[in-house]
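Common to both upcoming complexes is chain A, partnered first by chain B, then by chain C.
And now, the complex of A and B:
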């Protein structure tokens, strides 16, 4: 029993990491229709920001707290810059954004290698987050890692913040307007190019926050973004493009599925099985779990 | 009536180009290049074979497949498994299996590859079968655009991770290394290496001819039509899913053959050659040269592979920056690749000559690129 609960919790914590990464993507990919392969490198930028801040701030807890907003700004600025230089030329060619931003991601990885060195680096976690909480005691105890709980909390906070921003603020209304009918938004006096850039800033900034969270569970390295980004893209595809609700549900479902399959088979077989499950799922709902109802033929 | 001579002209030009390419590959290159350089060229030509498939699936069909590494790997592993068994000799296990000591006999799924004919057929048919199964699932449910690209990329990642995980039977991260023989020929002998080069060159020419035939057939027109407006093709009574499936399966078979011939040319196949990064690198060459043009894709693939060797040996860091930049410039500012420059220049010149908006005067219009492909 504890094994099942333990695996489920591990799955939920994998899901929380996925969710944090996919959140930013749901803005840039889901809303803007841009497949940003450099999103993984924005995560890396967030992680290295934490590393750099810890060099100057000795208290691990304080540096983590400072890192969250700073990483958001650093990654967000990178995203806005990328949008301004390249992506705004490519809004009508989503597939090309994938390849162009992959070129950007290559260069950013190499830049990280040149600045910080090729080997992975590590940050110290604050004392508060290094321990475990024992949920069930006795001979067969069930413990949750504090760092994982922190990430779960961070993911939930980010989801709430993003969804409130999109729902309640004027900026959110403008973003939704531009996403739904770009031309109408433009003639209504909304500067669509400014909204695009702001949405990109927010989405990329969330990647930076995800990067801070990742420093708690693994090493920081130039290629840390590459593999995890694919999983996050799958989350969006399965959840339904531009659907926050779908993203949240699917992130946790895939996390738990991965964790349970890993327990009963091996890590590599679990990866393959999850992919098979995704292709099977898309047979049932080709547009993802939640879709915007439209009259389009596709 | 006016079209006929133009068609003849196009076909004659194609034959001339084909003959020139054959001459360069079979006569000039072996004479001009050292054994080492010829071996490198053989490797580049394998990349070009994958690019032919990418030109068909992506350039013509609009299917951005970021998972060609999977099919390249399937072909490569099928070939390498047979060569490993043959190297070990009858009754013996391949060296790496003896090393890990976990297997006492060949795993069941290695057994069929003892048969050379089965292994040879599998190098092409296995990737085609996988592509057919996957593609029929994906295309029938109208999963397309970005969804398809991401799924194909996830497939490459999963396949590489799976291979690494099955260390005892696939060699894990190392892959299948140190392949000595090729159907009874010793690969350490430069003469036999040259034979492998000739086989690769012949295979590439064959694939180019096949792809050209497909592109200029009724099917080729249908493929471009599906890329540009899938709905209209559906309303005309065709099933776009089948049209796309054929392109995807053919491209997979080409990548499989490329992988199979890559093994004797290089002597190794490993997960590092088929994961996400190499899968995207296959696309780079085609993109830089021109995704919709066979000649462009092939020359682009060879050129980029050559640039990688030339630059990355001396300046590995600089190469990565250059590679990224190449991608950005080629796709953001020259979406048709270098091949489209020819058309642009030619159109400029002819419009200056006639003072109007005349075509390029060959009767072969440069096809529009799938720029507006919806996600």
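And now, the complex of A and C:
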């Protein structure tokens, strides 16, 4: 029993990581239709921000807290810059964004290698996050890792914040307007180019936050983004493009599926089975779990 | 037209190469070391980027230290040694490509490096085809001999088997195997299973994660649920960071379930963080704390060159030793010719930081002392057991009846 509960928690925590890395992408790819291959490198930028801050702030807990907003701003600024320099010229050619941003991702990886060195680096987790809490005691205790709980909390906070922003704020309304009918939004007096850039800033900033979370799980390296980006795209595509709800559900479903299969088989077999399941699902529902049927985006 | 010119150039160049061969001696190798000037080039082939860089950069640094020392004391056969460093980038095809480049273009007299068995397997045919020498400094899964590779790290009977003997002597009756998904851990675990079967030990599970993987929560859960007495860890590179973070998060400790690692040395302990590793066990042939005058000198020289906070580790020591062994072989052979160097190798000894080592000419491995260590909170490893004397290398485990079915 504790094994099942423990494994379900593991699945949810894997889902939380997936959700965090896919969340920013749900805005830039899902809403704006830009295939941003450099999204993984924005995650990397967030992770390295944590690393740099930890060099100057000795308290691991404090540096982690400071890293969250700073990584958001750093990655967001990188994203806005990318949008301003390159992507705004390519909104009508979505496939070209793939090539251009892939080139940018390679350049960012090399930049990280030059700045921080090729070997991967690690950060210290605050003591509070290295332990675990016991949910069920006894001979066969059920424990939840604090770092995973923190990531789960972070993912939920980010989803709520993004969803409220899109639903309730003037900026959110403008983003939804631009995504639905760009021309009409433009003639209604919305500066579509400014909305594009702000949306890109938010999406990339969320990638930076994901990067901070990933420092709690594993090492930080120039190529960490490439390992992540595929998973993030899978979550968005299976969830249904433009659907925050789909992203959230699919992230957790894939997380749990992965962990259950991993427990009963091996890591590699589980990966294969998950991919087969995704392919089969997309045969059945090519448009993903949720599709844009109403005018509401969220 | 340009093509024809290029072809002519190639023909002329290869003719020149052939001439050097004829002048140089007996070898019929396609590429031959260039020893015409007052320097002799050697290749350093390590991953300076990617998931293995955490470990391999230190090996490169250590090789350079040995080369500097040798140059300072007059070089080899009166020639200064000039290292050509290449980055294998944690990518096995790249290793093969760079090995080819070192042999054919740089015309090195010998090459030092590689870490993962996958990279060694990738370069093995390149060195064999070109009849050039590779000195391989890392412990590995055994079951291999190549006429053009000198293995200066431990083979299984000098590391894994003693580690299992140690666990058995500590009363550990069941183990869980965790490793990276490639040739070394899979072969090592096959050997461990055979040992366990013959020694009444139970293997409760065997899990692999892709090299570079950072998601270990499920594996940690499985290990925890198995209630094994100990974990045998053959993970490589910085997967270990994620694994030990998860291990601690799952509430597992060195006391409740010790982990024996065969790929974590001082350098890795430093970057993983000793708070995750304190109390865990490692199996190696050398630690920074190993007693002896040669080691004091080595540690001092390394720290002077690369920084006081830089630890020394087993593969670094084996790499350092390998350069000196090559020097001794070349001097005994009075030639840089790989065939003559090989012929001179048997019985060469060197007072290495790990203690005296001797080359076994037949297997081209070396006699090494096995050591088990415990990781301390300061990041250093204290020896808790050693084999007392240097163990004869037995890469095919011919001396063990339980290993007869392995290949």
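As a working rule, the second predicted complex is superposed on the first by the 293 of 298 C-alpha atoms of A that agree within 3 Å, B and C clash if a C-alpha of one lies under 4 Å from a C-alpha of the other, contacts with A are read in each partner's own complex, and residues count from 1 in each chain.
Convention: a residue touches a chain if its C-beta (ideal position, glycine included) is under 8 Å from a C-beta of that chain, and two chains touch if they have at least 3 such contacts.
In this text the structure is predicted, and so the values were computed from the model without any measurement.
Peer 1: After superposition on the shared chain, which partner residues are touched by A:272: those of chain B (first), chain C (second), both, or neither?
Peer 2: first
Peer 1: Quick check for you: in the superposed arrangement, does A:169 touch first (chain B), second (chain C), both or neither?
Peer 2: In the superposed model, A:169 contacts neither chain B nor chain C.
Peer 1: With the two complexes superposed on chain A, say which partner A:227 touches: chain B (first), chain C (second), both, or neither.
Peer 2: It touches chain B and chain C both.
Peer 1: Quick one: classify A:132 as touching chain B (first), chain C (second), both or neither.
Peer 2: Only chain C; A:132 stays clear of chain B.
Peer 1: If you stack the two complexes on chain A, which partner ends up touching A:113: first (chain B), second (chain C), both, or neither?
Peer 2: Both partners.
Peer 1: Is A:59 in contact with chain B, with chain C, with both, or with neither (first, second, both, neither)?
Peer 2: In the superposed model, A:59 contacts neither chain B nor chain C.
Peer 1: Under the contact definition given at the top, report the residues of chain A touching chain B in one complex and chain C in the other.
Peer 2: Common to the two interfaces on chain A: residues 113, 227, 266-268.
Peer 1: For a test of understanding, state which residues of chain B touch chain A in their complex under the given definition.
Peer 2: Residues 62, 64, 66, 134, 137-138, 141-143, 145-147, 149-151, 153-155, 157-159, 161-166, 231, 276-277, 280, 283, 287, 317, 320-321, 323-328, 331-332, 335, 370-375.
Peer 1: Give the list of chain A residues in touch with chain B in this complex.
Peer 2: Counting only chain A, the residues touching chain B are 29, 33, 35, 86, 89-90, 92-96, 98-100, 102-107, 109-110, 113-114, 226-227, 230-231, 233-234, 237, 241, 266-269, 271-272, 274-275, 278-280, 282-283, 286, 297-298.
Peer 1: Where on chain C is chain A touching in the complex?
Peer 2: Those in contact with chain A are residues 48-51, 53-54, 57, 181, 207-210, 212-215, 217-219, 221-222, 224-225, 238, 241-242, 245-246, 248-251, 271-273, 275-276.
Peer 1: So in the complex, which bits of chain A are touching chain C?
Peer 2: Going through chain A, the ones touching chain C are 3, 6-7, 10, 13-14, 17, 113, 118-122, 124-125, 130-132, 134, 141, 143, 145-148, 214, 216-219, 221-223, 227, 258-259, 262-263, 266-268.
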